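In what follows, chain A forms one complex with chain B and a second complex with chain C.
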Partner chain A sequence: MSLEPLTLTDILIATVPLMLIFATLFAFTTWLERKALARIQNRIGPNKVGIPCTRIGLFGLGQPAADGIKMIFKEDIVPRGADRLFHLLAPILALIPAMLVLCFLPLNFPWIKNIQGLVKPFMLDGAVIFFFAITGLNTLAVFMAGWASRNKYSLLGGIRAVAQMVSYEIPLVLSAVIVVMMVGSLNAAEIVKEQADEYWFILSPWGFTAFVIFFIAALAETNRSPFDLPEAESEIIAGYFTEYSGFKFALFFLGEYIAMFAISGLAVTLFLGGGDGPGVTMNPEDQGLATEAFPGLSAVWFLAKIFALIAVMIWLRGTLPRLRVDQLMGFAWKFMLPLSILNILVAGFAWHAEQLDNTIITVITWVISFAVLYGAASGLNQLNRGKVRPREYKYAE
Partner chain B sequence: MNEVVAFWILSVIAVFGALVAVRKRNLIHGVFALLVFFAGLSGLFLLLLAEFIAAVQVLVYIGAVGILLLFAIMLTERVTGDDDRRVTSRGWFWGLVVTAAVFVVLLLPAIQQLPPPKAAQTIDPSVKELGHKLMNPYVVTLEVLALLLTAALIGAVTAAQGVRMPKEEDSPE
Partner chain C sequence: MTLLGSGIFKGMAVTFRNFVGSYFHRERLPTNDYSWRTEGSLPQHAGDYPKEEGEQLRDTTTVTNYSRNFPMLLHDGSEPMDTIRCVACQICERSCPPQCIYIEKSTEKKEDSSGKMQFYPATFDIDVSVCMSCQICVEVCPFDAIVMNSQFELSTPNRFGGLLLHQGDLLKSNDYYHKIHPEEAAARDKRIADEKTAKEAKKKAAAEAAKKKAEAKAGAETEAGDEKKEVAE
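Let's turn to the complex of A and B:
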């Protein structure tokens, strides 16, 4: 592999639109989430802010801009005992990894295709492993924020976040391993091409199991409800960002949503066929490039799939109550981990069966693997059910 | 040209991180400085086109070792992390000598063939190649390492379970 020298312009063309697009999508998603949650709770949601100085409401679409202006002009308060440097660095560190991993997603933007040399750095051989490595840095930012605030609730939130993220990273990575095994490559573009040639991995029994595990672990990894224990407002105020206000808080908020986009993007890449869809055909020789009905169609498909996943996340947030800490840990270690290890074994056998290239054997393998996985999931459920005890109150009653 | 600039930037970051990690009395600051050093090192690996090693550097050292260090500090009593004094020791001169000696010994093979030879062929380190190597000639080593790590994991769990913490109700308060 050799990298052709890129000029500064090429790099800017590749990175700046990525940041702008996802920042805009962030603004839209906050509006969408508030609207959807409001409808779930039988409210209307933001509907006032539209075009300034007029009565035109535009369904409250101006709300993100108003929020942004408010955030910028709010006072930035640093607690007296806080570690000022780390208090400043933590929100920045929360945003950088989330932004950085966006470039590993195989998004076929039309302007990237015009520059051949530019495709190379994005099509890293180890894109998937890089993705997990850099997403893991988010944990440090959360811990840093909790520690630097010099507030016991912040610290509790930080410690909770670290424990939760470390636990859920294991099923997250193990379920991605299955896709890597089936494709035989860590390259995101090759994974997408394989799915365009064969089938989307979510359609196979092991792929579906892996996708469900991946999605649940992704919820926990991005601190989304029902796994939002690090910021549980009924217990520890706001968790690790209790002491943050103004623009620093906005940075945390932005980082959280960008991380949501990024991890949904990885789920789309691994299980939902990436930019594949009607009107798009993947070229066999140029990896990562596709022939489209019109330029940018593949990127549109990709973003649409991301938004479908985001919509599910919002829906879950509106419907599910928050987990308890022991339930959270038990779920990761006693249910998701054994199931994902078993899933790897099943996928290994299925891969060998597919190599035989015999339709009957493939069908039998699919049926057997579905039965095994379903049995394992319900068995684990039964095993764990008896062990969940009602909560013992130590300081209340 | 670009590579040279990138190399110097990353080197300065790495050396700065390492120095701060050693000099800071505040343990949490020290750990984060160490992580900066690891990140700089990972960037240097990336510059050598060893992208898998770079990713593993981030994944293992920053992701796992860093978190482990932070947990160890949090769980240790009487380490509050606010001590801002600098570390000074009387033996710094001999320490410097030993450091220099170790540095020279490590560089000895390179020094012996001093005008550095031109690279005979371009190295092409790819993830695929690495995977084949791990699965074919080094598979026994890999398995033994995996066994060792599993044993360590089970041992750690056993050790952690062996110590029963006294219950809160039993304490004299």
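Let's turn to the complex of A and C:
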């Protein structure tokens, strides 16, 4: 199949709505997160900003707008010793890769189909590899911010971020490898189609293990709690963005949330069947475009799944305390890495067993692989478990 | 063997209960939406902040039963200093992480509420500008003398002297404790009573045992004495 050369209009139609949609979703997500965290802590959360000059609160839905206005009008302070150029470039560099990888998500927006029937400017054959290659830049932006600020807290945050992101990149990629092995393609649309034909990969034992590893590593990659060490405010103020204010800070914030959307989107693509769902049929011959009950249903499913993952992220943030640095590194290297390597082996055997096309053998394989993976996870957990002592009172009794 | 990761799910269940419960049970909310209450309306729920000056402004019943702020000292009767429970053992002073408690022990003993001779704190100060409300002093106190108060209107124009609470400010009666934290106070009183009865029973048993032992010993001694006499002879 040969694609016609793209015009500028095609590219704009494919990219601009994406940016607008995700920027709006970002604003909504900040509100959602503040509300959910507040309710988890038995507070009310933002509920005052609604329609201006009235007392209509609208559950505080105006809060993102108020925050945005505040951010734009705030003074932008650059420390005297800072490297001004890189101090400026860092938040931009944090945002660009996050925005860029959104294009690789197989979101079947209706307007994409409407032009020429086949405009998929970013439907690459190596989308998954490209995704990881570009999100790797995020580490650079974070360290750039930490280094250019000339502040020890910023630098500490930057160093922590590099150590953490490099460590968790490995289990992240290794768990994605399983899906690539199963499908035999790096194309995101192919992966979604395969899941629509067979089953969502989260439903198989190796797929579930891979999804859990992927999700935990994704939390660490996006600096989300409980892995928010680079910006741990009780330890190092705000980490790498201590010296950022005003709009640059807002850009960092935006970049972080867009990265959350992007990595959740990848998790949905790899494990949760992408835009697959009731009312959607994936067409094998049409580059992953779907037949839908009404236009945009597939995209709605996709975004709903992304939001389900984001909700879990917020929930975890409200539940878990922050890890220590040694726990963080130990978890990545001693638990996640061995488990994901074992998972690749298990998935390989399981793939060969499925080729036999015998239901009984498949069922047995699933049971055995589930037992092996669970046993391995428990064993690693037991091996890594430190001694927990009860709390000691120094002076009483 | 527990299920792998079950601790995380347990924690998530707790936060989920809070999340849902805060929509249905207003008494869960320790924060108060006071700014939008209409003019002249009185506090309607436990948790409503008093709006007008003097309208129960210092009445701590306007916060929920689960609100905890800074420590206070308990006494049992009408005369605070005569029935103070604190015996100035200074465990809380040494356990306090930010070291906001300052105690000076009295030089002589005096009777406490049960008539026993005890030391008492000559000075007991808590710097609430330093206190982090961790409640460790409450946990370590062996005499149930220090518990958490829920009084929140503590702002003062003087940031050094004004925020240093002295013994007189800290002493509250057990009745007041029952008023602000009913469940906790009842549980604590029950525990104290149980411990007291257990102790008395033990004491009684010990006294009887001692009596028996003394009798036996006395008998043995007389025998031993006789033997000695015989040897001497």
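Heads up, the rule we're going with is that the second predicted complex is superposed on the first by the 377 of 397 C-alpha atoms of A that agree within 3 Å, B and C clash if a C-alpha of one lies under 4 Å from a C-alpha of the other, contacts with A are read in each partner's own complex, and residues count from 1 in each chain.
As a convention for this text, contacts are C-beta pairs under 8 Å (C-beta built on N, C-alpha and C of every residue); 3 or more make two chains touch, one makes a residue touch a chain.
The model shown is predicted, which means the values in this text are computed figures rather than measured ones.
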Contacts of A:137 with chain B and chain C, given as first, second, both or neither: first
Contacts of A:41 with chain B and chain C, given as first, second, both or neither: second
Which superposed partner A:351 touches (first chain B, second chain C, both, neither): neither
Interface residues of chain A shared between complexes with chain B and chain C: 394
Interface residues, chain B side, partner chain A - complex: 2, 28-29, 32, 35, 49, 51-52, 54-56, 58-59, 62-63, 66-67, 70-71, 74, 81, 122, 124, 126-128, 168
Partner chain C, residues of chain A touching it in the complex: 36, 39-44, 47, 55, 315-316, 318-320, 374, 377-378, 381, 393-397
Chain B-touching residues of chain A, taken from the complex the two chains share: 1-3, 5, 86, 124-126, 129-130, 132-134, 136-137, 139-140, 143-144, 147, 159, 162, 166, 185-186, 394
Touch list for chain C against partner chain A, complex: 1, 4, 8, 11-12, 14-16, 18-19, 21-23, 28-31, 33, 36, 91, 94-95, 139-142
